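What follows is a group of structures, each given as structure tokens.
In the two complexes below, chain A is the common chain; its partner is chain B in one and chain C in the other.
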Partner chain A sequence: MLYFVARRLVSALSVVLVTLIATFALFFIAPTDPAGAICGDRNCTQERYNEIKQNLHLDKPKVQQFAEYTAGIFVGRDFETSGVVQHCSAPCLGFSFKNDRPVTQMLADRLPVTVSLVAGYAVIVLTIGVYVGSMAAKRRGTFGDRALMTSTLVVSSVPYYIVALMIALYLTILYPILPRGGWTPPSESVGKWFLGLLTPWLVLGIYSCTSYARYSRGSMVETLSEDFIRTARAKGLSDRVVTYKHALRSGLIPVITIFGLDVAGSLAGAIFTERIFDLPGLGVLVLDSLNNYDLPVIMGTVLVASVILVVMNFLVDIAYSIIDPRVRLA
Partner chain B sequence: MTTPENEGRKDTPDTMVGTVPGDGPVLPDAKRNPSIATRERRDTAYTPSGETPYLVVQDLTVQFPTADGLVSAVNGLSYAVPLGRTLAIVGESGSGKSVSSMAVMGLHDRKRTKISGSIQLGGDEIVGMPENELMKVRGDAVAMVFQDPQSSLHPLYTVGNQISEAYRVHHKVSKDVAKKRALEMLDLVGIPNPIRRFKQYPHEFSGGMRQRAMIAMGLVNDPKLVIADEPTTALDVTVQAQILDLLNNLQKEFGSAIVLITHDLGVVAEMADDVLVMYAGRCVEYGTAEDVLARPRMPYTWGLLESIPTVSAASEKLRPIKGLPPSLLSLPGGCSFNPRCPYTDRVKGERCTTDLPELLPVDGAGAHTSRCHLHDKASIYEAEVAPRLG
Partner chain C sequence: MTIGQPDSTVGVQDHPASAEPVRPATVAHGKSPLRIAMDRLRKDNVAVICAVIILFFILVAVFAPLLSKIEGQDFGTFHPDLVDEYGYPTIGLTPDHWFSVEPKTGRDNFARWVYGARPSLIVAFSATVFGTIVGVVMGLLAGFLGGWVDRVISWIIDFVLSLPYLLFAIALVPIVESMRGGSFNLTPEEQASTRFFVLIFVLSFFGWAGLARIIRGEVLSLREREFVLAAKAIGVPTRQVLFKELLPNLVAPIVISASLSLPAYVTLEAGLSFLGVGLVEPIPSWGQTIANATNWFKADPIYLWLPVVGITALVLALALLGDSIRDAFDPKTRR
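Take a look at the complex of A and B:
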């Protein structure tokens, strides 16, 4: 088991390294012009342009730039703007001259928002989504099952941003049944934090539950027809134990794969939800940075997003090996 | 309820020993419930070996409503098994042998299955028993050993965990006590180093060891009836004999009744006291192993026997039963076996295709019954079939 974890860890780290190189290449080696982007189209004198280039160290060889960038992540580095030296402490992901702040700090501000959103979302899909799917699997072919599956299909074929916008408009503004979305740090007020996130959790969660219910239904239908389920029933176990202990454990495996990727994707930017429900999360940050051509921020977000993806995949692998002992051999 | 089978039994009073009140283990239940007593007196004292039965199946019919129509997987099946004896149910795939045994465990989905008739286990009626009572019977009084231990054991739980779970379902004991019991069972079924094996997963076991573990799990609660559904089919030939020996020895030790489902007549010869041959959901021949294997009286049984390869008959080709089992949705008229039967021309008129033969004693009165219109079954077998068996 330890060996398995170590091996997965090594492969995860190498993926992160490759991502680091690729992201750097994409933004600083590819024919982009970061200094020009920062400088803007108007009122950019050649002098100012050269100064920015120098501040960003873009005049140095690419390898050195990369070495500095990478070193910054581990030990921090200094930036100079208009004669003022700014220290960017480790882990330094670059410096946003547009906002005059280190990228790491900007990300750190936004991360709790997105993590709060995704954590609540995860709880909803893993409980309600999986439970509804399992119930449908147990009652497969009945009217209830078919009605449920049809309605999930209908809901998930409407684009998410339409559903979210409609609910935001009708249920929080025109008929304020649900609290309006917004961000309050939990350190300030847990109650406000909860109320501000409640509607986005429900909307994002229940919308995705329709997919999770279908995944887990399919997986459970298959598992429930396995021979070992018949064995469990033949032992005299109750229906509940058979379904939620014996069947769910192996029925969950495919759901966890999807869940890992889904959560990683949402952490990297639940853009619609954050925009619609006024949550200043990572997704909104990326959107704003793209509008401003704030390249260091975009690059930092891409890097963080890919690390999140790698970490989630690693966690999914570990979860697999806990659930399924056969995986440890592979 | 007078089925053809019952009529045949009226003149066999000697086989009723054991159901008369005051004589045999069925009694306490019979006293408590007089209706069961009368029913048993009339119908159920009947086993080919003439002992008091523990499991009594009467006129069992199992049907599955499907989009294409009603599938009658089991049709009017009756048999009985006493404690300490083994009944082999033999037949091709789809003959209803597994379906009928699943009914004994009450394992069919109620919403999808129509079951009628009676299944009595030590006097308790299984058909129509509420689910919460059935749960107490399953795995306790009656246990099942399945065909493929690879897929029948849960891949994600340790073998020890699965065996102790089976024990704890029916015994309110601590995990330690259950573990002790599981280790005891692993040892009993001949798994070396039980302490290490207890912690291992099914995929770390070999096929034979897995089936031993499955048997340990089935027997952990000391069941009175064990249903073994083709327990050796998925195993290596060399391991098959070991598993059969194990079942035999455990039966001697625990004195349980065994229903052995198989299509392997070699296994039947080794294990069975009684044999029931099924075809298309019906019993076509029923008797002691001695009777059915040495004096079979039904062309289908002959076909099964003829299709066994023997060393002495090596020069000849195998003689398979021609054709395929009929669809259970549209059984042929008359005897279900008639389209494949080579002897229909020996029966006068069209009876084979118009009348369903009754299950009647082959010699007019005995416990050995078969379902066939042929009049001279004994002479046909002796003259034509027996010589071919070598």
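Take a look at the complex of A and C:
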């Protein structure tokens, strides 16, 4: 077990390291001009340009820049803007000169929005999605099962942002049946926080329930035909106990695996939901930074998102080997 | 009966005394999996309807100039006389402008819609072709050669699959643009064409890895089979073993993967354009129009609904056809 964990850890770390190098290379070594991008081409004077270049240490060798950037992540570093020295404490992911703030702080501001969104989403898919899927598996082949599976296929084939946008426009603005999306910090007002997130949660959650229902149905159908289920039934256990205690427990394993990766993906991929429902999360931060060429912010977000994905990958692998005794650790 | 012409009646009519009932001549022997799948698809109503819808969109895209000429408009001409001082179009559906005009600019909606089908299809098809070629070659090499080649390629596959592709797609846009001199220095046409190629690159870059992993797994089991051993024994060069012996056995996973990635790419292309990081003016694209139209959806619903219906119908048809294709190739599904 220890050997397996160690090997997975090394492989995960190698991916993180290469991601770090790759993002750095993309943003700073490729023939791009970060200083020019930050300065803006319209009213950029030569002095301002040189100053930015110096402040960002872009005049130093690339290897040194990379070393400084990496060191900044662990111990922090100082930046100088217009004569004022700003300290960017660890973990420092660079400094946004457009906003005059360290990137880490900007990310930390946006993180609660995205985390709230993903948390509510997780609750919905794991309860409704899994429940619907297992119900369909239990009643396999009936009309209800087939109707449900066909409709989930059709719904999940329509692009997500179209569904979300249409609901946002027609059901929250034109006919305000659902509350409008928006962000209020829970520290300010829990009720407003909940109402603002309700529609995004429902839309994102129920749309994704379609695929979760399919996963869990497939997995449950397989589990329900296993020998230990027959044994449990032969013992005279009630149908409910067999389905929800014996079968669900083993049938959920693949669903949990997909869920782990999906949550990591949604932290970065909730962009559409955030944009459509006016939630100032990580995805919107990236889009805004793109519009004003704030490269350090984009780079920091990409890096953080990659690390979250890798960590979740790693945790899922470990969890899988613990939950499922059949997985042999080679 | 002549040798070399495997006709379907062999072994049936010649043995009238056999215990088996004489089957009709149409029951062919030894159909290839591709033939079986095609036969199944032809009987699948959903698949046929979807194929017709897809064909319709392809024809619209191909004949976009002709269609807009029939209407007598083109997608770039401004008609400021057709919008009022607030930007609302003053005309409805008229014989000159079949689906009215765009708010603010007064450009023709129908012409922009037919031209908008083009980038969606071109980007999705090119990305699928590139992604499939790279994925197949990488998977074949990794699975067949094994050893360190396999380890390196497998690591790259894992790496690509663990990247947040949506963020990377967004991040690549400013990088490539500044490589070409910064967005401020590019003409709109240059910027639009840059975005076009960035989109194809990003979609195929993140699309090949999944297929490569599947192909690698298939090759790992295929390469131990007798026909590969036989080919190797008579000295067939590796390249020929890969592409003449192994590749025909991989048709099913390749076709399935391609048919499932097409709708995904159409969705992503329009989605990125909707977010403002995909295609930009002057290329007309559905995603971009949807983004603009959200501001006008109450006053001018047709402006929003045209691209929405286009995207939804196209993606739905592609996705359902992909699903039917997967079922048709799956020997486990019985009809």
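Keep this in mind: the second predicted complex is superposed on the first by the 307 of 330 C-alpha atoms of A that agree within 3 Å, B and C clash if a C-alpha of one lies under 4 Å from a C-alpha of the other, contacts with A are read in each partner's own complex, and residues count from 1 in each chain.
Note that contacts are C-beta pairs under 8 Å (C-beta built on N, C-alpha and C of every residue); 3 or more make two chains touch, one makes a residue touch a chain.
Keep in mind that what you see is a predicted model, and the values were worked out from it rather than measured.
After alignment on the shared chain A, the placement of chain B and chain C results in a side-by-side fit free of clashes. In the superposed pair of complexes, A:Arg249 makes contact with chain B only, with no contact to chain C.
Panel annotation: after superposition on the shared chain A, the angle at the CA centre of chain A between chain B and chain C (CA centres) reads 80 degrees, nearest 10. Legend: residue contacts after superposition of the two complexes on their common chain; A:Leu295 is shown touching chain C, with no touch to chain B. In the superposition on chain A, no contact is made by A:Pro61 with either chain B or chain C. When the two complexes are overlaid on their common chain A, residue A:Asp227 makes contact with chain B while staying clear of chain C.
Residue by residue along chain A, chain B and chain C are tallied for touches, and C comes out ahead. In the superposition on chain A, A:Ala305 makes contact with chain C only, not with chain B. When both complexes are overlaid on chain A, the residue A:Leu237 reaches chain B alone and has no touch with chain C.
In the composite built from the two structures, the nearest CA pair linking chain B and chain C is 10 Å apart. Judged by the document's definition of touching, no chain A residue lies at the interface with chain B and also at the interface with chain C. On the chain A side of its complex with chain B, the touching residues are 226-228, 230-239, 246, 249-250, 323-326. Put simply, chain A touches chain C in their complex at residues 11, 14-15, 18-19, 23, 26-27, 30-33, 36-37, 40-42, 153-154, 157-162, 165-166, 169, 173-174, 265, 268-269, 271-272, 275, 283, 286-287, 290-291, 293, 295, 298-299, 301-302, 305-306, 309-310, 313.
The touching residues of chain B, when paired with chain A in their complex, are 105, 107, 131, 135-140, 143-144, 146, 148, 151-156, 165-166, 169-170, 201, 203, 214, 217.
Contacts from chain C toward chain A in the complex involve residues 155, 158-159, 162-164, 166-168, 170-175, 178-179, 182-185, 263, 267, 270-271, 274-277, 290, 294, 297-298, 304, 308, 311-312, 315-316, 319-320, 323.
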